[in-house]
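Two complexes come next, and they have one chain in common, subunit A, joined by subunit B in the first and subunit C in the second.
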Partner chain A sequence: MTSASMTDVAERPSTRRSTETHAAKSRKRDQWICWWSLPIFYNLFGLIFVYLGKVMPPPKPGLTQAEIVEFIQANANSMQIAWVLLALSLGFASLSSGLIVTQMRRMSGVSAALAYTYLAVLAVAALPGCLFCSLMFALAAFRPDRDPQIVAMLYDMGMLSFVGSLGCFVTQYLVFAIAIFLDKRGIFPKWLAYMSIWGVVTELVAMPIWIFRGGTYAWDGLISFYLGTIIFVIWEVCLVTCLYNAIKRQPLEELTAAQA
Partner chain B sequence: MNDTTAATLLQAPQLAVAGATTDRAERHLPGDADIWVFVIGDMLIFSVYFAAYIFFDRGQDHELFVASQRHLSQSLGVINTLILLTSSLFVALSVHATRAGDFGIASRFLSLGGGFGVGFLLLKSYEWYSKLSSGLTISTNAFFMHYYMLTGVHVFHVLIGLVFLLVLRSELHGTARPRVKLLEIGATYWHMVDFIWFLIFALLYLMR
Partner chain C sequence: MNMNDQRICLWLAPAFGVLLLLAFYIFPGFIPPSSPTMSADEVAAFYRNHVGQIRASMLIFNICGIMFIPFFMVIVVQMQRMANPSRAFAYSYLSAAASGATLFALADLAWLIAAFRPERDPQLLMLLNDLAWMAFITPVGFIIAQNFCLALGIYMDDQTKPVFPRWVGHFNLLTALLMTPGAFALMFMKGPLAWDGILAFWVRVGTYGLYIAVMFFVVRSALDRQARDQAQPQGATA
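This part shows the complex of A and B:
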């Protein structure tokens, strides 16, 4: 942004909807780029996991080996495309982590410790929580004549890690909630912290999927999967909205000199 | 002490509960809107758990559930209910004491409330231990799956509640003017935890 273009830009009159001038928006452009990664990535995520990858809604844990092989082979091509798309785009998700950490660093009474924990734990979570499933299905689909026992194992590895990678997300939600509770500046609203505690509970009720091969608490269960997914989607929508507001309201004086 | 508190205390003999008022201008939401979002949302989530219990699994195999319920001790359930009721009473008394400015008393009530909460956890642990020793685990049957999950998620809520009570205690001790609103927030959550236990008790221990 050159000083000439800054003076060229006219100031828009204040309206209830947008009180940010063009100049202000451009100084926050990096954060807006990060923010846009969220709706873009999650739409892609939906395409990959729901439509192409056949992970959501989840296939049943109680299938026989023959049924598992049939499931993989019937969907082999779309699973492979899903994996390639995910492998290309998953790194994109870290833009949102960086953004959330940036906003967390604005909180008062909160040191860097919680923000760095958030960053670290989501980096760890990406593998079991996201990559593994698509990768395992693509691996299973890669050779049609693979031993059915191995195909079944890959199927279990994928689904169990997807629904059952509990702790990374428990930590993410808890750290986020604690930071919001401690923050005196109200960067994020308190109700988002309470919703994050719901997120912790969704992981607790997903614990039994490692035991049950059917029913309410299996990896395709009403509680362990469907309720958990609904709560996660609601939380994510709220997070994206709150992030939008946080960036919008961030005073220009807070942006570092390097961003001027 | 502000005018509202003074006026309220003057009316104390007429009011059943100090701090209560029917004057529309003085009515307020206990705590804040955020905790009520949490409480109502949490109860909605629990009602999905209960719906799954009643309609999905219990409806499929009613005899199994009735037979399995006989293994639960209704006495332990009743005692736990009384324990949580008592703890809620102490937490409510703590809020009233805070409103009246008796922070020392409020803190002691909180400790009592938390103590009874710990008592609940101890009794629940004993109950789980005795079921597990009898070979009744989470994978025994559908009833016990729900039993351990419902009581387990509830125990998690009690633990969070105890953390909240500790935060309230430190507010009472650590600040010159403890905020009543914070006490109300914590108490609202604790009462919800109590209420959810009632529903679990009714569903798991009583409903045949």
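This part shows the complex of A and C:
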């Protein structure tokens, strides 16, 4: 590995500065592709969950069975389009994990354990935190003439799993924050770690959704849903910006040879 | 570097693949696939009349279905040998492969739970049956993302002796494309995009089977090349 990277450095002409932008682009191309998946797919997920899927902002937990059936029937078509789009695209969320892990592996003073945890918990989170919800609503929308009791249960299963799958994301935020705090190279700014702690808090304030069927702490509540969602969106924007800077600042020497 | 582990993981794919094919053949609802237009009573009758075959085939799926993960992880190891500047695609591939496996496990559970008490309310059996089919056929996005990462990794692997030949990249994108109709089974009861349809079932499942078979040979030759390269002195390959 060392011999290969040395030849690569030696081969570069002395006019290195002028060729650097082009070289930088091609050596970072894979990371930039992963980076672009973030703005593209978070916008797409917004379209899926807000505009088509109708689960954000959330319908009320206090609906009667008849109202739930009516809600499903009224939105069945657009929901189904939403879940088809999600089934096709959710895999691309892996690209952002891949990029974040790549950048976390550059940290100094931190082993790979935290990065691998990040990768593992998000791979797990895809089902309980996202696809399970879409499957439950897809089951309801597929046959809205099911027994209303079943439709109402699917509605609960969809909404509760979507807003109430907490542990994967608590772990994700926590290991990310710890890694940033311990990192001596400053791959990400320390304030992003403090923001990630806020991410942990948003998951914790969603705990009461499992108990309350109305009010501030219900799954459509001001604290449990809106506060958490607003902080998540701000965190996501900061993450995308910090990732952009991290790739931009990454020295090309790190990216010279295949890492066998 | 000893490559026995990679070879073992590679050979797990055909070994368990044969068992999965057998289970696919035994399951009474695959050849031909059960229709989503079946009534609740027809679904209940299906589970009542074929309970043994359903349990046998889905138990085989239960045991063997996740055994493609070691094979996918050999691909991750090979992706890390590529001349790509970072390992971002390899990590993404690993994550997508793991997520995809959870959906397969969910589908298998739903089939087995339905077969556990076939005398249950037919409405509930139909619900479990719908869940099984949807979780089995529709979450194609993970394999699409895997193939996308692998294909781009191959295209960017600009070594004189690349890990995989370029056509493997094209092949991965093509199979990703052929997998897409599966997602539409979430909304169609009838026709080629329903879960028993020609596109959502036969093309999607057939493509997946063929994909694993072709990739087995592709990965096998990549491992052979790696072994040959390691046998030569380091300078000759750099």
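By definition in this document, the second predicted complex is superposed on the first by the 237 of 260 C-alpha atoms of A that agree within 3 Å, B and C clash if a C-alpha of one lies under 4 Å from a C-alpha of the other, contacts with A are read in each partner's own complex, and residues count from 1 in each chain.
Going forward, contacts are C-beta pairs under 8 Å (C-beta built on N, C-alpha and C of every residue); 3 or more make two chains touch, one makes a residue touch a chain.
From a predicted model like this one, the values you see are computed outputs, not experimental measurements.
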Do subunit B and subunit C fit side by side on subunit A in the superposed arrangement, or is it a clash? fit
State whether A:99 touches subunit B only (first), subunit C only (second), both chains, or neither. second
Subunit B or subunit C: which reaches more residues on subunit A? C
Go through the superposed model and pick first if A:212 touches only subunit B, second if only subunit C, both, or neither. first
Applying the document's definition of touch, where does A:148 land relative to subunit B and subunit C: first, second, both, or neither? neither
After fitting on chain A: smallest Cα gap, subunit B-subunit C, Å: 29
Under the contact definition given at the top, report the residues of subunit A touching subunit B in one complex and subunit C in the other. none
Residues of subunit C touching subunit A in the complex: 36, 80-96, 98-100, 102-103, 106, 123-124, 126-127, 130-131, 134-135, 138-146, 148-149, 152-153, 156, 159, 180, 182-184, 186-187, 189, 234-235, 238
Would you mind writing out the residues of subunit B in touch with subunit A in their complex? 32-35, 37-38, 41-42, 45, 48-49, 52, 56-57, 138-139, 142, 145-146, 149, 152-153, 156, 160
Residues of subunit A that touch subunit B when the two form their complex: 189-191, 193-195, 197-198, 200-201, 204-205, 208, 211-212, 215-217, 222-223, 227, 231
Which stretch or stretches of subunit A touch subunit C in the complex? 3-4, 7, 27-31, 33-34, 77, 80-81, 83-84, 86-92, 94-95, 97-99, 101-102, 105, 119-120, 122-124, 126-127, 131, 135, 138-139, 141-143, 146-147, 150, 255-260
